[in-house]
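Shared between the two complexes below is chain A, which has chain B as its partner in the first and chain C in the second.
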Partner chain A sequence: MTSKLREVPKYAFLSIVALLSVGPLYFMVVSATNTSQDVLASSMLPGTNLLANWQSLTEFQDVGAAMYHSTVNAVLTTVLALVVSSIAGYGFEVYHSPNKDRLMWVLMLAMMIPFAATMIPLFQLFADLGMVNSAFAVVLPVIATPLLILLFRQSARSFPHEIIEAARMDGLKEFSIFWKMFVPTMRPTYAAAAVITFMAAWNNFLWPKVILVNSDYQTMPMLISNFTGGYVIDYGALMLAVLIASLPTIVIFFVLQRSFVAGFTGVVK
Partner chain B sequence: MTPVVVPDRTPKKKSKGPKIKPSPAARRRSLTGWAFLLPAAVLIGIMMFWPMFQALILSFKTGRGSALDFADPLWFNYERMLSDEIFKMTVGTTLLYLAIQVPLMLVTALVLANILNNPRLKFKGFWRTAIFLPAAISLVSYSLVFRTIFATDGLVNDWLLALHLIDGPVNWLGNTDTARMVIILGLLWRWTGYNMIFYLAGLQNIDPTTLEAAKMDGAGPIRTFFSVTVPQLKPMILLTVIMSTNGTLQLFDESFNLTRGGPANTTMTMSHYLYEVSFVNNPNFGYGAALSYVILVMVAILAAIQMKVGDKRD
Partner chain C sequence: MKKLRTGMALAATATFALSLAACSSGGSTDDASGGASGDGEAMGNSLTVWAWDPAFNIYALQEAEKVYQADHPDFTLDIQEVTWEDLQTKLTTLAQSQEFGELPDIFLMQNNAFQKNVINYPDLFTDITDSGVAFDEFPEGVTAYSTVDGMNYGVPFDAGTAINAMRTDILEEAGLTLDDFTDITWDEYIALGEQVLEKTGKPMLSGIAGEPDTILMMLQSAGQSLFDDQGNPTITDNAALAASIDLYSEMVEKGIYLEVNSWDEYIASIVNGNVASTINGVWISGSIQTAEDQSGLWGVTDLPAVDGIDGATHYSANGGSSWAVSSNADVALAEDFLSATFAGSTELYDTILPGAGAVANWLPAGDSEVYSEPQEFFGGQAIYADVLSFAAGVPANNTGAYYYEARDAVGAAITQIMGGADPATALGEAQSTVEFAMN
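Take a look at the complex of A and B:
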C-alpha cells in the first residue's frame, strides 16, 4: 500500500510532462478545423471550418507543389544518404586498417563543422554550377553525414565476421556480401537511419531557403514560414498548413518508432 | 584526396617472422574497402571541408555581390565585428539560450529516461511516445504554433487571465525577457524527448547486475542513480551535450519564425544575423563568412572543453 502511494508523484510528474508535450500538438490539430476567431478564443474543441481553412490556404498558396518538392528532396536525401553512409560505415569496419581509421577520424571531425560556416561557399559553388533552385543542390550537402557513417560502422561491428569469411569461401564478391548479407541483416539500423534522415531532410529550413531562390520551388517549411508575412493572419488556415507540413514526419515516426529506438541502442557504447 | 593509391601495409610491418607478402586477394580486398569509403569521403570533402576553407578565405574579402577583393587590411571584417553592436548582442543572446536551456533540458531528459527505464512502470510505451512526439514536428511548424499560442490574444494569455494569474494580457513576444523565455520554452518542448530517447538507449546498455549490486550494498535509488547509472551513461551524456551545444549555437529556425528576431533584434541568434547579413537586402558574403567563423570557433572551443571534461571524470 505505502509503496503504491510512493508511486503517485512519479505518475503525476509523467502525466504533466506528457500533457505539456502533447498539448500544443493537440491545439494545432483542433485549430486546423476552427475559424481564426476560434483559434484566438483558444477553442480546444474541433470545429467545422476545415474545408474553409483549406480553401483559404490554397487560394494563395500552392500546397501541392510545396508537398511535392519536400517529398522529392526528403526521399532523395534519405535514399542517397543510406546508400553512401552504410557502404562507408561497413567499409571502415570490415576492411579496417590504420590508414582507414585515420580517414574515419578526419571525417568525424566534420561533425564539428557548423553548417553556418559552409553555407556561403556552398551557395557560391551551386550558383557557379547553375544549380540554384535544383533538388540536387538541396540534397548534395546533406547526404554524407558523419553520424550515419558512425551508426553503420557500429552496426557492422556486431555483424559476425565468420559470415563474411564463409561467403568469401563460397566465392561471393565483396560487394555482394555487403548487399546480400549485410543489408538484409541490418534492417533495424537502416530503419533508424531512415527515420533520422527523412525527418531532418523534411524539416530542413535554412539551406533550402538559401538555395531555392525561386518561390516556385519552395518546400513546406518555407511555405508556412512565408505564410505569416501578411497583415491579417488567418490562424485557422495557418494551423492547417502547419498540420499538413507535420503529417509525413509524424506518420513515419509512428510506423517506425520501435526500430528507431532499437537502432539507436547500438550507436554509443 | 587520393586515399585509393595508398595500399594498406600493416600486415607486413606487424609480422616479425618470415615476411609474408599480402596475397593478391587481400590487396584486392583492401582496394575494395577504399572504394566503399570513396563516395562518402569525397562528398564530405567537397561539401564540408572545402567550403569551410573557402569561407576562411572569403572572410578576408570585401565587396558587394560576387565582386569580391581582398580587404585592406585583411582583418577588416573581423575588426568591423568589434564595433557591430547587433552582432555582439546576438552572441550574448545565443550564449544565454545555451546556458539556460541545455542544462535544464538534459537534466529533465535524464530524469525522465530513468523513470521510463524502470521495468515496473505502467504504460511505458505511451509515456515514451507522448514525450518524444514533439521531436517529430519541424522547427518551423512548432515555432509558428508557439507564436500563435503566445500571441497577445492567444491561448496562454486567455488561460492565465481565466486563472487570474495575470491582470491583463502579457505581450510575450513584444518584450525582450519574455520573448527570450518563450524561445527557451520552445526549445525545451521540442528537444527534451529527443534527448530522452538517447538516454533510454544508453540505459538499455547498462548491465542490470551493477544496479542490483548497488541495491544489495544498501544504496538508495538516488545514490544508485548518481554513482552507478550516470557514470555508465557518460558517453551518451557527452554526445548529447555536444549535439545540443552545436545545435544551440547554430539556432536559426526559432529566431527567424517564432520571434522574427524581435523586439529590436534582442532575441536574434548568431545564425539568424549571419543569414540577414549574407542573403537579405545588401548581401555581404565577406562579412557573413567572418561571422560564420566566429560560430565555427565557438563550436570548436566548446566541443574541445566538453571532451576534455568528459574524459577527466574517468
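Take a look at the complex of A and C:
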C-alpha cells in the first residue's frame, strides 16, 4: 500500500505533463470547428463551424494539390534517404579504409553549415540544370543526411560481424549480405529513420519555398504560410489546415511507434 | 525467384521516382514559357504576377483581369500566391543567383521595402517612369515609396492610410463621443484615455511590445522619418521621435496602452472588445469586421497630432504596397495592364472597395459615389470617404535602403526604454547600430 502511495506524485506529475502536451493538440482540433472570433477568444469547446472553415479553406487554396505534392515529396525523400543513408552507414561500419574516419569528420562538419549559407549556390545549380519546380530538386539535397548515416552506422555497429563473415564464406555477394542479412535485421532502425525523415520532409519549408517558384507545386506548409500572409487571418480555417497537414505525420508516427523507440535504443541485443 | 522480386521492387521504385520528377519538371517548362517573353518582342497576352492575400490583393488582381479583358478578350493573368516574406526570400535568392529568368512579369512589394530592394537589387526591376502611367494622379507621399533617384519603379496600390478606429459604445460608457477624439493632440488623447480607463476599465489601444508601429505612425504624422533626405539615419536628435516615444511610454505607464506579445493577441484584444480603439492602416478594418457582433459599434476618426512639433498632422500610414514590373517582364503589356487598371480604372476601384475594403490611392477613383456610401458596420459612417480625405494629408516617409534595420533598432531601443534605460543612450545605440549596418 505504501509503495502504491509513493507512486502518487509520480503519476500526478506525469498526468500534468501529459495534459500540457495534449493541450495544444486538443486546442488545434477544437479550433478547427470554431469561428475565427472564437479561436481568438481561446474557446476550448467544440463549435459548429467546421463546414464553413472547410469552405473558406478551399475557397482560395487547393488543399488536394498541396497534400499531393507534400506526399510525393515526403515519400520520395523517405525512400531515397533510407536507401542512400543506410548503404552509407553500413559501408562506414563494415568496410575498412584508412580515410574512412576523415570522411566521416567531413560529413559531421557539413552538419554544422546552416542551410541558408548553401541555399543560393544550390538554387543556381538546380536552375542551371533546368530543375526549378521539380520534385527531384526538392528531394535531392536532403536524401543524404549526416544524421541518418550516423544512425545507421551506430546500428551497424551492433550488427554481429560474424554473420557477415559466415555469409561471405557461404558465398553471398556483398550487396546481398546487405540486402538479405542487414536490412531485415535492422527493420526497427529503418522505421525510426523513416519516421524522422518523413516528418522532416513533410515539414520542410525554406528550400521547397525557394525552388518551387511556381506556386502550383506548393506543399502543405507553404499553403499554411499563405494563410498567415493576409490582412485578415481566418484562424478557424487556419487551424483546420494545420490539422489536415498534421494527420499524415501523426498516422505514420503511431503506426511505427514501437519500432521508433527500438530503433533508437538498439536492435540487436 | 527472390532475386527477381527484389529487382522488380527496385525497378518499380526507380520508375515511380523518375515519373514523378518527369511530370513535375514537365510542368516547369510550361511555366517558363507562360511567364515572360522579354522586351522588344511583340506584346503577348498573358502576364504572371506574384502577390499575397487572396481576399485582398489577389481578389483585386482578378477584378483587374476582368476589367482588362473587356478590351483585350484574349488576355489572361496567371496569379501566383506568395506571402510577402516568401516573396522577399525568392527575390533575394533570384537576385543573388542572377537567375532573373524565373521572375514573374509583375510582383507586389511592401512600400516600406521598395527602396531597399531597388537600391540593393536594381536588376530585378524595370524603370517605368516613361510607361504612360500617370504618376501625378497619386498622392506624392505614396509614389515616394517606389521612387528612387527620381525614377518610378512602382504603381501604388494599397494605401495603408492610418485610421483611428474606435468603439463608440465604450466611449459612450465613459461619457464621450467620436467628436471628442477628432482633431485633438496626443496630450488631450491621454487625458481622455484616462477617463475611459477609469469609467470602463478598458485601455484605449493595444500593440505588440517591442514593435514600433504606433511610434512610427506618430513620427510620420509629424512629417518626420528615421532617415533624412540624404538617407542618413536620424534616430538621435529627432525631436518628433523623442516626443513620440515619451507619449508611448506615458500611455503604457498609465495603462492606456496595452502591450501584447503577438499579432494574434493584438487582433484578439480588438475583436474580443478588450480595448476601446485601435490605430493602424485602414486595412485593419477587415480584421475588425470579423467581430460580427460588434456591427454598428465602431467609428473612424483621424489621429491625434504630436504635441509641440512643427508640421505635425492628424494623418499617417502603416504598411501599404505597390506593383513592380520585373526585369523579366513583357514590359509593354505589363505597363499597359497597370495603366489601364490600377492607374486608370474607376470601375476597378468601385468593385474592390466594397468587395475587399481596398481603398484607392489613385485620386480620380475617390470621386466615385461608392466612396460616400454609408458603412453599416461603422454605424452608417461613410468611412472610405473619410479615409480618402486623410490619405491626401499623409506626409511622405523617407524609407531608404535600411528602413527595416532602423525599425528593428528603434524597436529594441523602445524595449530598453520601457525597461527603464535612459532614452538618449538607448536611441544613441540604435543610431550606431544602423550606421554600422550601413557601412
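What we mean here is this: the second predicted complex is superposed on the first by the 248 of 269 C-alpha atoms of A that agree within 3 Å, B and C clash if a C-alpha of one lies under 4 Å from a C-alpha of the other, contacts with A are read in each partner's own complex, and residues count from 1 in each chain.
Rule of thumb we're sticking to: a residue touches a chain if its C-beta (ideal position, glycine included) is under 8 Å from a C-beta of that chain, and two chains touch if they have at least 3 such contacts.
In this text the structure is predicted, and so the values were computed from the model without any measurement.
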item: Room on chain A for both chain B and chain C (clash or fit); value: clash
item: Partner chain(s) touched by A:Ala117 [first = chain B, second = chain C, both, neither]; value: first
item: Contacts of A:Asn214 with chain B and chain C, given as first, second, both or neither; value: second
item: Partner chain(s) touched by A:Ala18 [first = chain B, second = chain C, both, neither]; value: first
item: Of chain C and chain B, partner touching more chain A residues; value: B
item: First, second, both or neither for A:Leu240, with chain B first and chain C second; value: neither
item: Chain B versus chain C as contact partner of A:Ala41, first or second or both or neither; value: both
item: Partner chain(s) touched by A:Val72 [first = chain B, second = chain C, both, neither]; value: second
item: Touching partner for A:Met28 - first (chain B), second (chain C), both, neither; value: first
item: Which of chain B and chain C A:Val132 touches, first, second, both or neither; value: second
item: First, second, both or neither for A:Ala191, with chain B first and chain C second; value: neither
item: Colliding stretch - chain C into chain B, listed as 91-99, 289-297 or 343-351; value: 91-99
item: Common interface residues of chain A - those touching chain B in one complex and chain C in the other; value: 40-42, 119-121, 123-124, 206, 210, 225, 228, 235
item: Of all residues in chain C, those that touch chain A in their complex; value: 6, 13, 17, 20-21, 24-25, 27-29, 31, 52-56, 58, 80-86, 89-90, 93, 96-99, 101-102, 264, 267-268, 271-272, 283-284, 286-287, 290-293
item: Touching residues (chain side chain B, partner chain A) in the complex; value: 3, 6, 8, 10, 29-30, 32-37, 39-41, 43-44, 47-52, 54-55, 58, 66, 112, 115, 121, 126-134, 136-142, 144-149, 151, 153-155, 158-159, 189, 193, 197-198, 200-202, 204-205, 235-236, 239, 246, 249-250, 252-253, 256-257, 270-271, 274-275, 278-279, 285, 288-289, 292-293, 295-296, 299-300, 303
item: Chain A to chain B touching residues, read off their complex; value: 10, 13-14, 17-18, 20-22, 24-25, 27-28, 31, 39-42, 84-85, 87-88, 90-92, 94-100, 103, 107, 110, 112-125, 140-141, 143-144, 146, 149, 174-175, 178, 199, 202-203, 205-206, 210, 220-221, 224-225, 227-228, 235, 238-239, 242, 245-246, 249-250, 252-254, 257, 260-261, 264-265, 267-269
item: Residue ranges of chain A touching chain C (in the complex, touch as defined); value: 36-37, 40-42, 59-61, 72, 76, 79-80, 119-121, 123-124, 127, 130-136, 179, 206, 209-210, 213-218, 222, 225-226, 228-235
